[in-house]
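I am attaching a structure below and will ask some questions about it afterwards.
By written order: A, B, C, D and E. Residues from 1 in each chain.
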Amino acid sequence: MKNVEGYSKKVRTPGEKTGLGPGALVFVGKPRPEAVRVDVIHYDEGRLVELYDVSAEECANLVAQKGVTWINVTGIHDVELIGKLGKCLGLHPLTTEDVVNTAQRPKVEEFPDYIFIVLKMIYLGQRTDETDTEHLSLILGSNFVVLFQEKEGDVFDGVRERIRSAKGRIRSMGADYLAYALIDSVVDHYFLFVEHFGDVIEDLDDRIIEDPKPEDLALLHKIKQNIIKIRKVVWPLREEIRVLEKGESPLIRSDTRVFLRDVSDHIMQIVEMIETFRDLISGLHDLYLSNVSNRMNEIMKVLTLIATVFMPITFIAGIYGMNFEYMPELKWRWGYFAVLAVMLLVVLAMIGFFRKKKWL
Amino acid sequence: MKNVEGYSKKVRTPGEKTGLGPGALVFVGKPRPEAVRVDVIHYDEGRLVELYDVSAEECANLVAQKGVTWINVTGIHDVELIGKLGKCLGLHPLTTEDVVNTAQRPKVEEFPDYIFIVLKMIYLGQRTDETDTEHLSLILGSNFVVLFQEKEGDVFDGVRERIRSAKGRIRSMGADYLAYALIDSVVDHYFLFVEHFGDVIEDLDDRIIEDPKPEDLALLHKIKQNIIKIRKVVWPLREEIRVLEKGESPLIRSDTRVFLRDVSDHIMQIVEMIETFRDLISGLHDLYLSNVSNRMNEIMKVLTLIATVFMPITFIAGIYGMNFEYMPELKWRWGYFAVLAVMLLVVLAMIGFFRKKKWL
Amino acid sequence: MKNVEGYSKKVRTPGEKTGLGPGALVFVGKPRPEAVRVDVIHYDEGRLVELYDVSAEECANLVAQKGVTWINVTGIHDVELIGKLGKCLGLHPLTTEDVVNTAQRPKVEEFPDYIFIVLKMIYLGQRTDETDTEHLSLILGSNFVVLFQEKEGDVFDGVRERIRSAKGRIRSMGADYLAYALIDSVVDHYFLFVEHFGDVIEDLDDRIIEDPKPEDLALLHKIKQNIIKIRKVVWPLREEIRVLEKGESPLIRSDTRVFLRDVSDHIMQIVEMIETFRDLISGLHDLYLSNVSNRMNEIMKVLTLIATVFMPITFIAGIYGMNFEYMPELKWRWGYFAVLAVMLLVVLAMIGFFRKKKWL
Amino acid sequence: MKNVEGYSKKVRTPGEKTGLGPGALVFVGKPRPEAVRVDVIHYDEGRLVELYDVSAEECANLVAQKGVTWINVTGIHDVELIGKLGKCLGLHPLTTEDVVNTAQRPKVEEFPDYIFIVLKMIYLGQRTDETDTEHLSLILGSNFVVLFQEKEGDVFDGVRERIRSAKGRIRSMGADYLAYALIDSVVDHYFLFVEHFGDVIEDLDDRIIEDPKPEDLALLHKIKQNIIKIRKVVWPLREEIRVLEKGESPLIRSDTRVFLRDVSDHIMQIVEMIETFRDLISGLHDLYLSNVSNRMNEIMKVLTLIATVFMPITFIAGIYGMNFEYMPELKWRWGYFAVLAVMLLVVLAMIGFFRKKKWL
Amino acid sequence: MKNVEGYSKKVRTPGEKTGLGPGALVFVGKPRPEAVRVDVIHYDEGRLVELYDVSAEECANLVAQKGVTWINVTGIHDVELIGKLGKCLGLHPLTTEDVVNTAQRPKVEEFPDYIFIVLKMIYLGQRTDETDTEHLSLILGSNFVVLFQEKEGDVFDGVRERIRSAKGRIRSMGADYLAYALIDSVVDHYFLFVEHFGDVIEDLDDRIIEDPKPEDLALLHKIKQNIIKIRKVVWPLREEIRVLEKGESPLIRSDTRVFLRDVSDHIMQIVEMIETFRDLISGLHDLYLSNVSNRMNEIMKVLTLIATVFMPITFIAGIYGMNFEYMPELKWRWGYFAVLAVMLLVVLAMIGFFRKKKWL
């Protein structure tokens, strides 16, 4: 709780940890002003206890009792607190190191006593092209789940509601099902994100087909970058959750595995949507460029037509604008009209040439 | 049957399910006005019963009797009915959730008592570039098949005919063969779709080689998007059906496996055709762009030729159009004709230059 | 033999089979006017019998005798005959269905009593960019080979010659070796095809480097499409023949496997050549476009040079072509020559500018 | 120590070793003037000895004693010394050959008595687009680690500090943990490098969106080449370190394996970042080109607009600049103003045309 | 030795073998005028015999004796001799067929009594963009190696030297080590080739960044084709040599396997270099095209600037060059100077417009 006051706004990167030993507890990310808070929900089929601002020792106590304990940590910038909690719950230093490293990629790691899962939450920003990610770490022990959240606010109110109201099967199942329910909430939330970009791409498609504008290109570029971002977040989960589902860890009961398969299926769906977006975006980019080429061609045709028609006749006019003393045509009675007629012929010939070339 | 009147036209998306627990029965898709209908065909080698508008309990009764039961559900927007049917037949809540989720990707999942298969039917729309998909869910139990269809109308009349007329081996084989026959009908129908696009691509090829037009590009873009769509529908089946064929599920007898291999082979054929289309479309796009470049070059050559020929001689005409008092050439007897001769020389020189550059 | 007269020229596609049951005997392809013909060569080390226009029952008789029987069927559009032959030889309906389906992709399938191999023969058309394929189906039983050919004419005269003259080891080996010899003949023939396209690509390379023409682009496009076509024919064989070679089918003796490895190696070589062609073609396409860009640049330089040089001096001439009453320069004795000198300076300055920009 | 004086600056390449036998000790790389130095840190939980400029025989002596021995060799251009050291420690000639070959790719090789690991250190140069690599070879024996460094200076001061101060678990663990700590230091250092390029790419993105310049393209090209370079260094490690972690070598104790998994995870993170960079760079390149196309279009529009507006009216002016004796319009009272009005109409018509085409 | 005189220069291709049986001994490649020569080196740790122009029978005799026999065949166009040698040494007809087929791809095949390895030697031609390949076939028996070389001259003098001088371990090891030494010599030689192209690409990079020329593009194209060529030669070795190293053939002793791993590592290094070259070349191609686009843009800007500035003022001059009788401005005292001033204003306005567009 120390770094609440006087916290620096500097974002820290993994590179700054160079030279430190493994398990060095260094917060990587943008420090936040709020104090880190530990809340606990402890339940079994008949009982439910909710506690706020719990100390590390109390957490360990609750875990030692029968029933499922969900330790929810909001904020990970107080490395001392995280370290103490990790020690009380028997976490490997490499685990706590990753918990406070917001740059850590999504992964699943099995330790002898627990499974460690790193996830990213994605929030839509205010502008279409902005996204915000939150680092989540989930520890699944035999009868407890610790969830470390980087920031205030989450997508787990549905889970809390189901626990409180004893709705569904959550109260009668173990910590593994709770972990599943949390992961499922995160993955379900990805759909909102992916559907949003699907809509934006569809809109862009209409616009680019009808009347491509440079702004569309910039938006396309932004979307492409966001797709790359979410891909980086979702892709590693694909294999890892499947390993969990097919694995042999005693921490995951067999009736929970079918639910993990469901999450796995959702992740596959999101991955397929992202891949489809990549294809669509690349197709839109090609279409944009082709349309620009088409327009350029049309513009050049007009320019060439104008130049080709007017240059010759302007030249003819120039001829008879010369001031030579002896230019017999100038004296002819119908000279002027003859020249106009010649000009008309030239114009018609040029237009005929263009027709033949199918440029008109 | 409740949501027939007053049904909303809003299409619901998976993202709206965020926060709900697993197995939450929420219809995802475009609600339809018709009532959901359950029809049953119950048969064995000697007997055939067809029932219409059957209740969930009657379905369970029929399934309990000897013989194969095909429960065909048309419409999946009445989640209450689907849920009740699922409960009567012992389906996992995650299964019924996916049944009413039209955004669910194709997949095969083995449960202890049944195999759950999600497929998509594709229909050609009225315009070349429109396609329509229908969400199909197939449950294969030991002696029954439940087929959930999103919409009225299907491609299974051939199967019904064979059952009714006892043609072929279908009446003498089990539920697994019925499931195969249904999957096979769906996959066979993909050929119509793929062949149609093959024809469209072939036509486009001829047009783009001869005389590429911007409309062709737009059509190419639409086809590309449709190919991406059908790819998404067919691709996941590839591995899944193969797993079914090679798998060890007791629900699939060995003499049905050879038929599954046949479906698997058809899917591979469609996948290969789609991949070929991607190559062909990409080649056509390149060709279109190259042709546009070639035309641009030709246009620019004409423009340059005209400008290069007429600018110098127009300049010469301009010289002798100046009004200086003392310009000796203007007085010369043959000045005018000399200038015309000079202009001719300039034109010939320019044309010679172009010939040398091979631009003419 | 019925559909000889009054045969329709319509090409039938797999899509038209939609709704039919598995094993439905429907000819897919372009029907041919000739009657379907069944010829048989029956041999062992000491004996050789050749029979023409053999009936299905006679075939079954021959197969029941000692020695190797090669049943060669020319034409597959008489589905009744094919069906009868299949029944006599104990073929699965799915096999005969694929035999008469010219759209069937190449594959290898093991059945309990025989191995079913689908191949495509490729012939070069008269024009460089035309290819023709023939659907071949090969059934390898314990002591017989049935070869179904779509069209008259084949590449197996070498094999027939070796059987007749008892040259090489073919007479002393089993049906598996005969099957190998036939596959090998087909694959060897692919080389002709691939080598032809290699030559065409090499020619194109020279032409595009020296003087790229739009026709080269069209030819490149045609070759690309042909490469896609042959790739589709050869690629599936790659894995399938390897499976046959490494497999455990009792129908293939171990001393034949080393020959299958040789075919497998040839297929790999063809696959590698095709992949190389794809790279070369893509490189040529890039080169073509780059060359077109280069030329465009050169043309634009000439246009810009001309315009930049003549526009300013034409403007100057225009100035002194104005008819103002009071224009002092017009009266000057050396005005005309001064203006010519100024024009010369402008031209030199422009050329200097172009030199600096390295455009000249 | 011989090649200190009179060392040649010529960089030697692997190709120069052609014709030599395997294990030929030839230094490949840029020779350095400094003498090669061997320093040793020998420690166990209670004891710590640091020795400088140790001979090969002393090294072997120390290794024979209890405790962990870290032999650090700075400089690998004295092949005699390296060879002698290799012989004393029982290294295979192929190992010492690779130690002195700075062109050797990263790899992990298991020998009966030791594991041989080749790594590359990457340093940022002074300019954004410059990188410098150092060849590192690490030998992990049962109780010793030999680290061969190509150049002075390294990234292992953190490790040395932890050994000296007995901080962390390093003093209580074996040679395998020391090897891990060294590899981890190298990999941690890659983050600095990768983060730097991430920043540069982000800057470029802003610049190219706003106002793309040819210099940006050159920088993009340089970054692309650096990314290719680092990819070559990191990519091979991915699989190799994973093999080490999952392998069964008795040289790596099970409590070290979890640390190797951590390094493996870091490498995956770097690999994913590099892949993301490739995508981003390719997107930026496309954006640059599209922007250039857009600008070209805009320029062409202006040119066409100007030419299309002024060519026709200049032609009209040219008509009435002709000197024909009989041109009735010239005598008209309002001829001049009528012509001006006609010109105005032409200009308005042209602008209307452009509006219709949406070019204005 | 027969085809020395009167040998035809026609290059024969694999396609010409169509119709021949397996094992048909037909030379594929460009026939050479020299006689085929068989030389033998027979050695063990204590003894060394070198024989020239040895007959097939003598070869078989030597192989039957103790010690290692290296049979080196220079020239493979005398199929009779090769066939006889093959028969004497017990080679499978398919092996000898591949020996005389210079179009055969690199591969490794295990036969019961020997291992058959096909390699390609690559020589640099005189011009940067020319390469020459030589077909090498290596037979590794239990105590002999046969090396078939297509052409005079090889890269094995280092190996011969080591055998003669008994340097290194070669005399004390078996035929497997000799085979390794020969393969290693070939692979080592690839480095020369690859390093050469690395240098050429580096040069091109500098040139294209500074001042791209069409010749650079042609060179880039040539290099790309050479890279495709060497890739085809090296790529198949990658997997095959690894199979040899990891395999269980009794012909390869375990202490030779570590050397094969070294070759395998060299091949990986070359493969990685080639892949890097592909990336670099593709980057250079993109850079070239982008630079050409940039230049085009610059040229178009100049053209547009000139046209936009001079067209309006030339038009104004044209106005006052008209010969209307009643044009009041012409009579004004300061009309001429007023018009010049207007022209100046137009020029300034245009330049201002260009500045605003950032085109100047």
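FYI, contacts are C-beta pairs under 8 Å (C-beta built on N, C-alpha and C of every residue); 3 or more make two chains touch, one makes a residue touch a chain.
Since this is a predicted model, take the numbers as computed values, not measurements.
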Fill in: Inter-chain centre distance, chain A versus chain B - centres from mean C-alpha coordinates, in Å
26
Response to the item:
The distance between the C-alpha centres of chain B and chain E, rounded to whole Å, is 42
Fill in: Sequence positions of chain C contacting 2 or more other chains
289, 293, 296, 300, 303, 307, 311, 314, 318, 321-323, 327
Worksheet item: What pattern do the touching chains form: line, ring, star, complete or other?
Response: ring
Discussion item. Going by the defined touches, start at chain D, step to chain E, and keep going round the ring. Which chains appear, in sequence?
Written reply: D, E, C, B, A
Item to complete: Name, in rising order, each residue of chain C that touches chain B in their complex.
Response: 13-15, 17-23, 92, 94, 103-105, 107, 109, 111, 211, 214, 217-218, 221, 224-225, 228, 232, 236, 285, 288-289, 292-293, 295-296, 298-300, 302-303, 306-307, 310-311, 313-314, 317-318, 320-323, 327, 329-336, 339-340
Item to complete: Show which residues of chain A lie in contact with chain B when the two form their complex.
Response: 155, 157-158, 162, 167-168, 170, 180-181, 184-185, 188-189, 191-192, 194-195, 205, 209, 258-259, 261-262, 265, 268-269, 272, 276, 279-280, 283, 286-287, 290-291, 293-294, 296-297, 300-301, 303-304, 307-308, 311-312, 314-315, 318-319, 321-327, 357-359
